[in-house]
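Input: structures, listed below.
In the two complexes that follow, subunit A is the common piece, with subunit B as its partner first and subunit C second.
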Partner chain A sequence: MSETTSNENDYGFLIDASRCIDCRACLVACSVQNETPMETTRIWIKETGVTGQFPDLERYSAPYHCMHCEDPSCLSACTVGALQKGENGIVTYDQDRCIGCRYCMYACPFQVPNYEWKQQLPLIVKCDMCISRLGEGESEPACAATCPTDAIIFGRKSEMLAEAHRRIEENPGKYIDHVYGEHENGGTATFYVSPAPFEDLGFPSAGEMSPAYSNRLVTHGTPTVAGAVAVGLSSIYLTIKHHEEAMEALKNGSTHEADNAADEETQVAAQEAA
Partner chain B sequence: MSSTTITRREFLKIAGASLGALAVGQMLPIKVAEAARRAGMLDINGNGYIPTMCEMCVWRCGVRAKVKDGRVVKLEGNPEHPHSLGHLCARGQSGLMNTYDPDRVLTPLIRVGQRGEGKFREASWEEALDLAASKMQEIKDKYGPEAMVFSSTHNLSQVQFENLLNAYGSPNYGTQRSLCFNAMIVANQMTYGLEEPFRNYDGLKYLILTGRNLMEAISTSETSILSHAIDKGLKVVYIDPRFTKTAAKATDWCAIRPGTDLAFHLALLNVIISEDRYNHDFVEKYTVGFDQLAAEVENYTPEWAAPITDIKADVIRRIAREFSDAAPYAMAHNGWRTSNFENSFQTQRAIACLNALVGNWGIHLLPAAAEGAGLGAPPQPPYPRASAMRLDGVPWKYPLVPFKLGVFQELRDAIIAEQPYKAHGWFIARQNPVQSLPDRNKTLAAMSKMDFIAVVDIFLNDTAWFADVVLPEASYLERYDPLNVVGDLAFIRQPVIQPQGEAKSALWIYKELGKRLGLEDYFQYIDEEDYLRQQLAPLGMTLEEVRQKGYARLSGGSDEVEFTWNTPSGKVELFSGTLDNAGFNALPTWEEPPRPSAGKFYLLTGKVGRHTQFGTQNNQLLRKYQDEPRLWMNPVSAKALGLQDNDLVKVTSAVGEVNIQLWVTQAIRSDCVYLTPGYGHLSKGLTTGYGVGASDSVLHVTFTDPISGSQALTQTFVSVTAA
Partner chain C sequence: MMIKKIIDEIKSLSVGYYILAVIAAAGMSVAAYRLYAGLGATTNLSKAFPWGIWISFDLSTVAFSGGAFTLAALVYVFHLHDLHPAVRPTVLAGLIGYSSVLLILFMDLGRWDRFYHFLIYPNLNSALFEVSWCIMLYSTILVYELSPALLENSRWSGLIKVVEKWTIPMVIAGVTLSTLHQSSLGTLFVVMSPRVHPLWYSMLLPVFFLISSLAAGLAMVVGGATLSYWIFKRTLPENIVAELGWFIPWILGVYLVLKLGELEITDELHLLFTSGVYSALFITELIIGVVIPIVLFSIKRLRHSRVASLVGALFVLGGVVLNRFNTSWFTIKPVAGQTYAPSWMEVAILIGVAATAVLAYSLIAHYFPLFEETVRVKRQSKVRRELAHTGD
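What follows is the complex of A and B.
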């Protein structure tokens, strides 16, 4: 069902909210490295804000960028192949192919692709693990390289995931027992560990199934730009519906059931749309 | 002249060719790139990495600057530099925006309008330097060298700035030191006979941070090391009236009442002595005055300190016990900008004594490397004797304040009152006293008394806005500075791109001014490279080797002499005879700080991770990712005042008022407000920073500690109303 391309050479990130100090060195480093226009960004800080009652307070934050999903929803929503999953599992963006339709923005359950709203010929802006930088022989993307507290580390995806579980297991009580990104949206290459619940950090509660599957039901077999709008809108509808239902079910307490329910619904919807 | 330094003739040619700030790098004959290519740092196309040092704050991280087609395109932390450990903070990462800021001043400017109108005309270096030198000479001839005030802030070329002022013969020197760390330095000198020890976190188990907000006032390596130590189980007690990002990482956050850090530390001393928890061996062998200290702190019990500090007695007792249980792997951190209240000097003395009692010297506190040790220097004739009284009151009002530190904030009263004599000129380099000194109106009043003001900077900063002549300096990515010693390595700052426009290094500017003032014998270097070659001469390394490697290893170290404390007794002085002789308390003693009257708040200051003082608000990359500066207020206080989040409020102190938006947050005590420092720029030459936020220097009242000369920055109280 999934078109997972995960292999042992895939890269991944591990981001630890217990180490992030919200200094934003990663944000600036990313902007410089990728010459990102001033009004947009490839990377944000998600934060809990100051929580609790004085003087029993807490505060956590974590940098947030493309998760590099195993089965990327953005890719499946893109009708012109501007988004691709590359060799090391990196989800790349080709500006020469992009027609600026922004379907990928709606498709991504993590709300990652950004848009150069103020540019005359706007492009999508998203993390590509600094693929050109890695090609120049640097060992890490700009964000991970500069992080003063090593809150972002980068390496083989399998090692990042193992390290995430090691941190949780070896520090009982320090982190919540959830590696965000391991199962979200069918699995990603960006793993988070955090002492605070991910909802409190403002992370979307993506289901465990990528809507890419249902998107493909409509995008496959329509390679020309001609029907792109209708196709894209269907994909968006499916994605949003999937997402909303997963969220609703989560509120009601059962992640697993939510996924199943959402999955069934989207399949029905997909058939209707087709 | 060496081939990589442009001659005057070449320079004029270049200046004529340069049109736009951003394009200049590509248009210049790329001399820097040529030299870098010869040294193997850049490839045939001019691409590669050049090692240098950051100057976005004073920590000076090692940098690998990526250069492409004559432009610097990315900065990386240099893993070989102990201050960066391969990382850079947000400011360090934004450094090329500082160099390529469209607001850079790239040609000398001479004022044409009224002071403060911001009207200047472009001038040649010849004209600007001749004008500055002739005014300075005229003041010296008419009124004596003391009529010229010099001021500059912590930088690597400061040694040649000081050379210029000493050769000129003025005793009047203002630095940032009294606004920052005088309390710590004088206390360490009185106790340990040194300015500041090097802090070693290896094996540390327990740390007390007194307002040292390392996760926001970032020193890259120390922040990194602390973060990893916390991860490995280091216990951190963090004392601050604000819940900062460091508080969020600490084991204990104590929301202490401002001004009472001293009471907290005295109570720690009390518990450690009364419960016999101190290191007897260290105290007996290496300290003097233990019995007097024990007697002095006898009554400073945790129960005494609790109502003063708002920290529960059992918490203070627990911290004292945990701290001494962890000894000698325990450390009380001095802090950074340690001047908060007039009693901050006593707090620093108490911290110094606390470290001595747990015997952590040689383990976590180590002697720091002397500046410039082992390096050569250009030969210098003796300086003229400066016999006039200093306008800042050192030593006639402030007997224990070292000349080097001074009491900058006190200069202005003397200038305004023209007592003990009238000052006529002010030469300011790499400093912005309009924003840095407390009570901005007083600073502006002092400046208005001057016949002549010259400023050296890369921007038209708020002080340059009021200058008669502005001399544009090359940015830290465009110039050499003297070498910087860290441990047994001397690091280089070198140009990674050609200076844009007509910007010149400070070493060049001071030498050219010196020449015109008839002081050329004091500047015995041909150019920047010759200066560095003279520094490197004793090491047997060539400049080319150091440029490529990024540092030189200092020789020696094999025949180390045993360390002795440079105090009168040669020991750690818990009881300071020097303080006693000067008529001050020889032991750390409680001094009651003033408290705000009803309806007023303590005005807190403290850094944010995106900015360095008032020098970076114009950086577009930092602006992109900064929080809008707001006034922090606890919801209890906001409710009592009928104020809500984001309301525009008026903040009023005894000397000024500002308007700013409110941030209602639990992260601050209800008797305090906090204003992000460095904003509220006056200069319209800072097009990104102008008009953003409010300046805390408008509000700060001048309070000077009589012992260390520190400006007490948190002793200002304010009222807050709807604007």
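What follows is the complex of A and C.
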């Protein structure tokens, strides 16, 4: 039950860890394109470290950036709605709205949003698929355009997912049988294939349901809870008040009754006497 | 003339005020530097731990300040008028508590220059958005609830009648807002579930936070009665303190059943014994904050003892603080082995704000009729009768 559903115009990435040579040209391209310092690029490298026995050594790496979830946790977290799901499924960040509460950084299961820690008035740093570049008519973001080995490719999301599965099926034994990003956090727009297990690459293991869903279950209940509490409290106040007044009336009334009873007794006594 | 009067007045204050003022001023200087220099230069916050001790402080302080709404509900909604003498001191404590939280939240905003954006850019799905609004509105209501004390000896005392006319609707609005934000502070961690330890994560987090804030709020009133007995020489009648203490085991009992029941339902009960240091933290939290206070406040003789009720209240509050720190800091899953400990400036700002809070409370208690309905402590007096209400 995701609030934002994907459609056929959505963009997506396919990232192949078997092709990445850790040249970091994508980091430079991102830095130049988005005019950010290298230490706060919107893309970085995850890697396995060197594994295996000499001479059969292995090392895998993969570029890593915002996954552009179908139901992004950061959207649910952001106090001021600076994070939005834009056209083509791009998760955008409005730096003019951001108040710097950093809730999105904690909410993101992929630990993607970064922060300009060294700035006096810092902002969040996050991939937006080079949305301005795409708007200028370019066909792909800077990282995908720059990658010399086509480890990052960019296109329609459905095509990227199909290509990911095709690579796994047509190359038995080359990749582990898992397209990372297909189901993670309720589905994303970034798909990874890798010869090494994703936990070895340092990828977080995200559940198949976005916590944004659980969050909505609770936050959407707010008006109901508010109404119920306000009505409940009013009814308790009025009930007790009513009860207190009734007791008061009863106390006064019963004095009357006692008087009446006394009167009747005198009357009965008078009649008997007569 | 006026200035001379003020200077004389300041000179007449005791040395405690001066000490607090110096600590507060030092803290505020660090705070000013933090606002100028940015978060990276002044805190140990990082990408792996974007929130730190400030958020844990906020969560604990809001829970403590729950006394104001708990008491208002008991006195005005449930008609427990005997508790009325506690209202003013508690409402002021709540207001000062929320003000400290607002100050620290301001420190925590990277773009503090845009703090007002939550007013104009709503995100109805965000727990933090809801918390911000509720805290703002509720602080206003606390000022309203406190205003009779501020107006009483002033030339505007005629306004008190107008204020009191609307007390009940305002209290109901205040309790509703408190229910919302006390629970929403728990909701904060729902969307963060991948980072929260399963012993603490639950869809019931909002309920846990709400119930524990009720207990913490009552504990503040109970403990505060003994503290003001010592500090301000004014306090609540002993039977009222005991009456408040009577509620605590019931509230904590519900809390304990829900906490353990939730673990049982989600099949996580085994984590109580298999999560190493996390198990220890969880069990410590429940023993200090729940089991011990249930036992202490269940014993009538202890409920009526000033020292014992203070000890019991401190256990409740200690448990709530540990719970909030556990949820928001101690048990947050580290990323890439990175951990967090606050910088000296983060701690200095907290101490400064705390000193400011105590100073503000003491000054208001000094100049305004806060404890009018409470009983004056006369230690020499052997006549028990003199402890009777001075107000009403």
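In the analysis below, the second predicted complex is superposed on the first by the 213 of 274 C-alpha atoms of A that agree within 3 Å, B and C clash if a C-alpha of one lies under 4 Å from a C-alpha of the other, contacts with A are read in each partner's own complex, and residues count from 1 in each chain.
Rule of thumb we're sticking to: contacts are C-beta pairs under 8 Å (C-beta built on N, C-alpha and C of every residue); 3 or more make two chains touch, one makes a residue touch a chain.
Predicted, not measured: the structure shown is a model, and the values here were computed from it.
Once the two complexes are overlaid on the shared chain, A:Ala212 sits against subunit C while remaining clear of subunit B. By the document's definition of touching, of the two partners only subunit C reaches A:Cys98; subunit B does not.
When the two complexes are overlaid on their common chain A, residue A:Gly52 makes contact with subunit B while staying clear of subunit C. Annotation for subunit A, partner touching more residues between subunit B and subunit C: C.
Within the superposed three-chain model, A:Asn114 lies in touch with subunit C and out of touch with subunit B [touch as defined at top].
By the document's definition of touching, neither partner reaches A:Ile153: not subunit B, not subunit C. When the two structures are aligned on the shared chain, A:Leu123 is found in touch with subunit C, with no touch to subunit B. Once the two complexes are laid over each other on the shared chain, residue contacts for A:Tyr106 go to subunit C alone; subunit B is not touched.
Subunit A uses no single residue to touch subunit B in one structure and subunit C in the other. Residues of subunit C touching subunit A in their complex: 36-41, 45-48, 50-51, 73, 76-79, 108-115, 117-118, 121-130, 132, 168, 172-173, 175-176, 179-180, 183-184, 187-188, 190-195, 203, 206, 335-336. Residue ranges of subunit A in contact with subunit C, taken from their complex: 73, 75-82, 97-103, 105-107, 109, 111, 114-123, 202, 204, 206-207, 211-212, 214-220, 222, 225-226, 229-230, 233-234, 236-237, 240-241, 244. Subunit B meets subunit A in the complex at residues 73-77, 86-90, 92-94, 96-97, 215-216, 218, 220, 223-224, 227-228, 231, 243, 245, 247-249, 253, 255, 609-610, 620-622, 624-625, 634, 665-667, 669-670. Taken in their complex, subunit A has these residues touching subunit B: 18-19, 21-25, 27-29, 31-33, 38, 41, 50, 52-55, 57-60, 142, 145-150.
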